[in-house]
């Protein structure tokens, strides 16, 4: 028993990830935390998307279930779980069963290497980014098989579309990623790395986010990635595989209930996953703004207050809306509920001020905040853009993003190695 | 970032090896016995992923990553794509094995016999005695592979690498020429 | 799934005999499909994603409106026409009332004419707004739908205040109007005009220069003016192909000749031009409304019409420019209180013919865009 | 953990041989071209497994930078990608002409 406690405690002072330290207990804890956190994020994202989109479209969105529809995602989940599970006639039952699980597994497994902080990752693989790209590319398999197993035309077309789309955009995505990885090595001090934590560390060491490195090359790479990642996750304006007006719902037309909700879960966690890649590669991962400039203890303290303040602000927002609730007996429960939610948020905010907690969650907060920004972008895109047509989508992928990415890669290498190249040139022409 | 020198907690535990090996063998058997090509492909994907696990146990993380991206995420998607393009309803009702299946089995059996014969005559284990774990810097695997491929001084396989890119170009053109209805 | 053999022979391009077309796919779009605007069923023959040909199957909403007319008096049939193009019910009513008035040789008094024009043009805007919202939704832009519906609501409110109904208004009577314009009608309409002008700019801001919108609509569903005339296609679709034909100008009815407005035309006859034409039409309608509101004369709203209508034996064809195109009523009277035969020439039904020509060689996604741009209402197609 | 339980290179070689045999059986007996191609992938993977296992063995002798086997495995994967692309392209062309994917009906060149 004592050994066990010691084993658990031995990790606490470590500067490694649980996987890196080989501590199975903490690795399990982290896995569970990430899983729970991800589920909560997906649920929150569900509500936020509906609300934000609704407000963009001059409507209110869910308002009935819970105050301001806060319980709507839970009600939805319940409905999906209770729904009859239909397997269409002539479907390949085994494949039909397995397909959503492939997608979910692929979407969740990538979070093994996502660095929420210097030590806050399940593990730090030295092929981290390669692993992420590889595993996330596996979800194509699930989508293709789902479309095929449904034994129906619309899902089949949707599946073929989405596999073609994902495979093509993976290329552009890969090129943008490679140019960012290249940047880790284009510096006097640091060697290149594929490790997610190493990449963020390199940005810290080089005193700049890769977004701004070799201006404007970093930004171009980021934009390529930002476009490709929307296509990769089948979201608007690249949501052809599930183009509602053309293919009803694409590859998951025949799915319902629990298995459909798995696709839903996978879609949102894939969005979060690719956003975390973008954040890690270009936006400095867990680093707070200006980590090198504003690194004095005072600034560190100020930055460490921001998570708590954010939650307090959210709590205050809840109280403000509680005060604005209609004063009517029918609304009493809703008012109490909203106030309660505000209290919970405020409590979280207060807990985040405790020094021991404060020091540990700062990284996670900044990482999540950056990812949340991407999530908002996703919603914004959806509210603004019409949908691309399939051939146009392919044109964008192959004729615009791919050549740009290739040129960018070469340029990055040339700019990064300019010193050596000049040396060489001097050697040849100098005398 | 300091390269992590693997402190040698044994990753290659027999448990994982036998588990993954069993998955691979079962997957392989399913690949060659399933009627439905999609099922075969799924079995093959499982096999390939298990093999990626084995690569990790062999301290070859980069090859494992390439295996996942290229094989499972690329080539197998191509296979599934093609299976869906060609209708398979008819092939399901047909004979699954060709007329020479007996000869094929016999030939394969002979090959297996050859393997066993080689093993017994060379006393197998003597050929590759279990050796001490290599003093191994895991973080440098990717760099090591890259230096063999690209480095100006140590890049033994630079030329082969360029030839491989030519091969891929030829394959792209070939695939387009073969598969496109009207060029 | 439809068996390809049960399809009636589609006039397809000669199939490529060199290869077996393994990829040819017959897809049944609708009648329950989110983008077919009701219960249109389209049988598509696809080569991959390319449309080789298509056929529309209609009649899922057939209610026999024309047959019903033969058993109703002229007055009793009036509400039925609202149910054809239910998003532009006022226009339908105008066409029918004018046709019967022509048959009876009556003319509605000027005040009625003005109010009729105002309501019809309001309805044109409402119809175009609904078209824009659904069309954009089909192409994947979900937001314009809510904007247009928000603004269409204001029009419906005016209708509701005027006659009590929002959609199937039954606003007009043979010989004029049933109701006098309510107090503040002019003010409401003027306020609406001022309200909706910036809103139309808002729609255009979202779409007109949007790259994706341009790519999705330019050179999609192209139809030449010649083809349009050959197929009898009318309305914005015809005008977008460069033919300046608007019955309000060509064969003026009601009192349209009193108003100053322009007929927008396009050049390419593609989906984008149709979009632009409709957007300009909305602004032109506002122009007409403003002129009409400024000039509403005082006077009676109902002409002298016999209680029991017995039009003289004869036949009449009267057509108006409905939001979707030429809406014609052909009425045969045998001198009794009931029409001997009524035949409606609905614009949607005729325009739908062009779908095949417009879609051939395009992709599946374009079919959706083209169905949207044709602006069909199935109630009118099937009657 | 005793020495017998230690997973040596030999274990991997046996596994590779088994996979290779499975692949050979698949190639020799199946009619469906797609499955034949997949069996070829099995064979290539068996080879790859051996190569990486040898690379590990080689590393234990020549130090960590002796990664030739892994490099070779990467080349094999490249080759497999090329082979799959061209093979499946041929398959599609063939299917379009004869509407079959059976390998024993590929007899256009037979006389």
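Order of writing sets the chain letters: A, B, C and D. Residues in each chain are counted from 1.
In this section, contacts are C-beta pairs under 8 Å (C-beta built on N, C-alpha and C of every residue); 3 or more make two chains touch, one makes a residue touch a chain.
Because the structure is predicted, anything quoted here is derived from the model rather than measured.
Here A-B and B-D were compared by C-beta pairs in contact; the pair with more is B-D.
Innermost chain of the displayed assembly, by C-alpha centre distance to the whole-protein C-alpha centre, is A. Chain C and chain D have centres, each the mean of its CA atoms, that are 63 Å apart. Chain centres here are Cα averages; for chain A and chain B they lie 30 Å apart. One finds 6 Å separating the Cα centroids of chain B and chain D. Distance between chain centres (mean CA atoms), chain A to chain C: 46 Å. Shared contact sites, meaning residues of chain B that touch two or more other chains, fall at 62, 66, 74, 83, 85-86, 141, 181. Residue positions of chain C touching 2 or more other chains, listed in rising order: 19, 22. For chain D, residues touching at least two other chains, in rising order: 95-96.
In the complex of the two chains, the chain D residues touching chain B come out as 1, 3, 5-15, 17-32, 34-35, 37-39, 41-42, 45, 48-49, 52-53, 55-57, 59-61, 63-65, 67-68, 70-71, 73-75, 77-86, 88-93, 95-96, 100-104. Those residues of chain A that touch chain C in the complex are listed here as 53, 56-59, 153-154, 157, 236-237, 239-240, 243-246, 248, 382-392.
Per the touch definition, chain C reaches chain A in the complex via residues 1, 25, 27, 33-35, 49, 136-143, 145-147, 150, 206-207, 210, 212-213, 215-216, 363-366, 368. Residues of chain A that touch chain B in their complex: 20, 22, 92, 94-95, 98, 125-127, 130-131, 133-135, 137-138, 140-141, 144-145, 147-149, 156, 159-160, 163-164, 167, 170, 190-195, 197-198, 201-202.
Residue ranges on chain B touching chain A, taken from their complex, read 1, 4, 7, 9, 36, 38-39, 42, 45, 61-62, 64-66, 68-69, 72-74, 76-77, 80-81, 83-84, 138-139, 141-143.
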